[in-house]
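Below you'll find a set of structures to go through.
In the two complexes that follow, subunit A is the common piece, with subunit B as its partner first and subunit C second.
Right, the complex of A and B next:
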């Protein structure tokens, strides 16, 4: 019997890890190929934004999709990452890489301070709590104008350099961002496929049952909240140094809703869904310039349709349809 | 006929009780769910708890496992006072439970449900998971193996990769029990494990409960199925309206007049 279980165990393990390594390898190949094939600066720019949004979505997906905790204020952490680095580099002449540490650190600190009381809440209350937090941070960005430039924004954020290599050029920045995306993917994957990931998913399944099997639910909720804030800040840092100009509008309530939409559309609790959701919602406004005024309505409509018809998200939904058509 | 003093009985074994409830009370709003309940559970026994609906059996389980604190009274596990400890620490100490209305993680497959049950017996943390060191891999493999062994014990090993929600109801009950066992408990609280099972499955459950006890695990069993409770329990406590109405061996309980009146059916009143 011992041999049997060991055999089974090894089979299960090698199967799942092989598939994942293969997929991540394929994605890395696709990223490299796209970097070579795409020549148009605009296309590269769009790919950069997809990458930044994927990092955001992966982080929020760990919190929402896997742990089942809704945050409607995640743009705040995105903004903290962007503004901290921007302020330090523009006003205090920090080198951007040096500014990375305090901008991630501040996001982590704020997440700890906000998370300890709010994560005692659940369901609607947590959503309301984070919503309020997001609004406060947005107002701080707008009103602290001697540092943030107020609603007209903060310009002249320096670009990133690695040694002599200037990353201002779209393509170099593209590789940097997608390197970060691949790193985030691997890290998320490892987290989820571990003891920690199972504990997080158990909280989503049922918080009471999670406690009853010995999971310290408060501690895990806080950990994943802080980690997703960390990833949001990383995305914010990349965003600020990519376009060199930030304004509060990029970090308002609508930005938080957009992040939630990316998670839901791609598929809750799906890493590859996060990639799909981020890609679709980055491309959609580019394709639908005509709808710019009605962005909110279009997002709302998409969210409703997906929730009604594909509650598992677009990725799972499409796979199900494919499988059904093959079986039929 | 009279309640035998449990305390004296346990002392005869010369062993300290593994679980001791002293004057536990709990009210919800105006309803007194438990009132001054005291009893002891000695190591290695199967203690049945019976009583009509609303007698406070599940409330008692929730107090022991720590889902909420008692209003008054103290709970000792292995002579350590635990009534203020959070649930996860009690699981770590060795108290595991199942739920009346199944609380499987439907977002995980069968194997993962048992693996997550080993949470308190494994150590990999946030950074370990990200670094995935050889030590972490070894722990993960060992965790997977012992989960499969537990599934094998309840006969679910070949279902390991199915979503837990896809299992038939009876199997889900077994899965929940193996998840609880995965934490390597010293005391296992089973809340109506036979509800929803057919006669055959209930019979097998009885065998499983005895097998678990034979591994040295103390069991508290809340169950409405009288023949199961009577056949596996070493002792039985009868709760009624939040109080201990009687306690004793199954034979003593079956002949106890107050129990017959309160619980086993009104027709007894005519005698």
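Right, the complex of A and C next:
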């Protein structure tokens, strides 16, 4: 009997991971096809931003969606990744690739230092704690003007190169960013399917129950927090070298809210939802020209309406409604 | 000495305002165990609403004050009815996202209505500042402190002496037991929202003569109010008052003697320290449950 159930579950597992491999393969194909089909620089640029936002959303989703720990200050890590690399390359003439290591490393270090006390909190207190942390980092970006250029920002960040090839030109950056997205997808997928992923979901279900069955909840929460900070810093690094200019405004409270909105739209605990949420919210301002005026109203309404009516996210919620109407 | 006194005076004024905002957090937390991330936006609505009514529509000050507070309370009423009552799974993470959404939404509305520019209002009454050992004490500061203490007394009396106030306390202790004794639980939550947003509006209207008001002022004020409420022990009215004053004075001294650019970081640093070390607050006796 035991062997039978194990056999069954193994079969189900291999089937679902086969599905996933297929999906990721399909996405890789779509990415390659889009790279060949789109030759408009503007379209390529939009796709690059979708990719950067997808990395951000995937990271935050691991923390919020799977582990149930909210962060309202995640833009801080995005900013740390961007600013560290920008400062090292602009002021110290580091090569961008050499700056990648310290910029990711600093984000991981800060996440460790901040995460240990902060993740002991939960619910409203965790939200307030991360919000306060995000605000402090934002103030530091603004006030350290000798290094960061203050509110007017830091310009002249060099582009990424491999040998003589400038990666920022044309489609090269697009392939780089989407390569990183695919890598992040695969790693996230593996993480969720693993023992760690099950532990994270058990924390979401009930932290006390998880503790009672021997899950070291503090250690797991810290690991996923650090990993999501790592991904945010990676996105920040790509962003800084893609645009060549950064200012504190890109890493303020609203930036953190945007990230939360992308997770919420795509659906908590959904890897493919992260792709959907990032794409929708990157495209929305491009479609609506007067968007800047209404941006906050739209984001606010999305957050409230999705949470009230479709707490599983847009994708899952709409699918549920469809299935119910078909069964009825 | 003169400088120090001056910093303390300005800190007391700011602190009094933080205290009123903290009162709003404490009322709501006391009754519903909920933290409203949009609370600062109600302060903004009160401030800009008063400026529009008083300066824009030329309504006499006394009437404009009442209208501004009532108007914001009405928005608080609608907020509870439309966005909080309708939630099917009232878990903290859902309510956090909804109130953050409301905060961004109200800020966006504020930007559309009042534009991106800062607005200001003249002093309510004009008196010459009082000279205390070389430092200038504005009469404004004195009545702001007076309003805050009076408000805390009034709320204290409401919760301890009136039937409705006692019913609200009962409902917060046990929903079921309150319901069994015939307390309309849902009305109590609604009332808590209305009271909390109205005190937010009071903070907004008394801030108008001393600072520039704009659509994005709410986030910082809300956070500082929350920091004050945590300092004094969340849920306690007198704690909110003390926490606000402590934060205001510390912030003013920090800005004066260290660096004004990092003034806001002082409040957040203090908030983190309180959350990490003593979440029950300096004045809170019981160990607060951290969820």
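Everything below uses one rule, namely that the second predicted complex is superposed on the first by the 318 of 328 C-alpha atoms of A that agree within 3 Å, B and C clash if a C-alpha of one lies under 4 Å from a C-alpha of the other, contacts with A are read in each partner's own complex, and residues count from 1 in each chain.
Methods note: a residue touches a chain if its C-beta (ideal position, glycine included) is under 8 Å from a C-beta of that chain, and two chains touch if they have at least 3 such contacts.
Values in this document were obtained by computation on a predicted structure and should not be read as measured data.
Asks: Putting subunit B and subunit C on the same copy of subunit A, do they fit or clash?
Replies: They fit side by side.
Asks: Kindly classify A:183 by the partners it touches after superposition: subunit B alone (first), subunit C alone (second), both, or neither?
Replies: neither
Asks: Report for A:212: first if it touches subunit B alone, second if subunit C alone, otherwise both or neither.
Replies: In the superposed model, A:212 contacts subunit B only, not subunit C.
Asks: Contact-wise, after the overlay, does A:25 reach subunit B, subunit C, both or neither (first, second, both, neither)?
Replies: neither
Asks: With both complexes overlaid on chain A, does A:127 touch subunit B (first), subunit C (second), both or neither?
Replies: In the superposition, A:127 touches subunit C alone.
Asks: Going by the contact rule set out at the top, does A:249 touch subunit B (first), subunit C (second), both, or neither?
Replies: neither
Asks: Which angle, to the nearest 10 degrees, do you get at the Cα centre of subunit A between the Cα centres of subunit B and subunit C?
Replies: Between the subunit B and subunit C centres, as viewed from subunit A, the angle is 80 degrees.
Asks: In the overlay, answer first, second, both or neither for which of subunit B and subunit C A:269 touches.
Replies: After superposing on A, A:269 lies in contact with subunit B but is clear of subunit C.
Asks: Quick one: is A:223 in contact with subunit B, with subunit C, with both, or with neither? Answer first, second, both or neither.
Replies: The first partner, subunit B, only.
Asks: After superposition on the shared chain, which partner residues are touched by A:156: those of subunit B (first), subunit C (second), both, or neither?
Replies: After superposing on A, A:156 lies clear of both subunit B and subunit C.
Asks: Based on the superposed arrangement, let me know which partner A:195 touches: subunit B (first), subunit C (second), both, or neither?
Replies: A:195 sits against subunit B, while subunit C stays out of touch.
Asks: Least CA distance subunit B-subunit C after superposition, rounded to whole Å?
Replies: Superposed model gives a least subunit B-subunit C C-alpha distance of 9 Å.
Asks: Name the residues of subunit A shared by its contacts with subunit B and its contacts with subunit C.
Replies: none
Asks: What does subunit B use to touch subunit A in their complex?
Replies: 65-67, 86-88, 91-92, 96-97, 99, 103-108, 111-112, 115-117, 119-120, 122-126, 128-130, 132, 136, 139-141, 143-145, 148-149, 152, 157, 160-161, 179-180, 182-183
Asks: Can you tell me which positions in subunit A touch subunit B when the two form their complex?
Replies: For this pair, the touching residues of subunit A are 1-2, 4-6, 8-10, 12-13, 187, 190-191, 194-199, 201-202, 204-206, 208-217, 223, 227, 269.
Asks: Name, in rising order, each residue of subunit A that touches subunit C in their complex.
Replies: 64, 68, 70, 72, 117-118, 120-125, 127-129, 131-133, 135-136, 139-140, 142-143, 253-254, 257, 260, 264, 293-304, 307-308, 311
Asks: Considering the complex alone, what residue numbers of subunit C touch subunit A?
Replies: 34-35, 37, 83, 86-89, 92-94, 96-98, 100-109, 111-112, 219, 223, 226-227, 230, 259, 261-262, 264-265, 268-269, 271-272, 275-276, 279, 290-291
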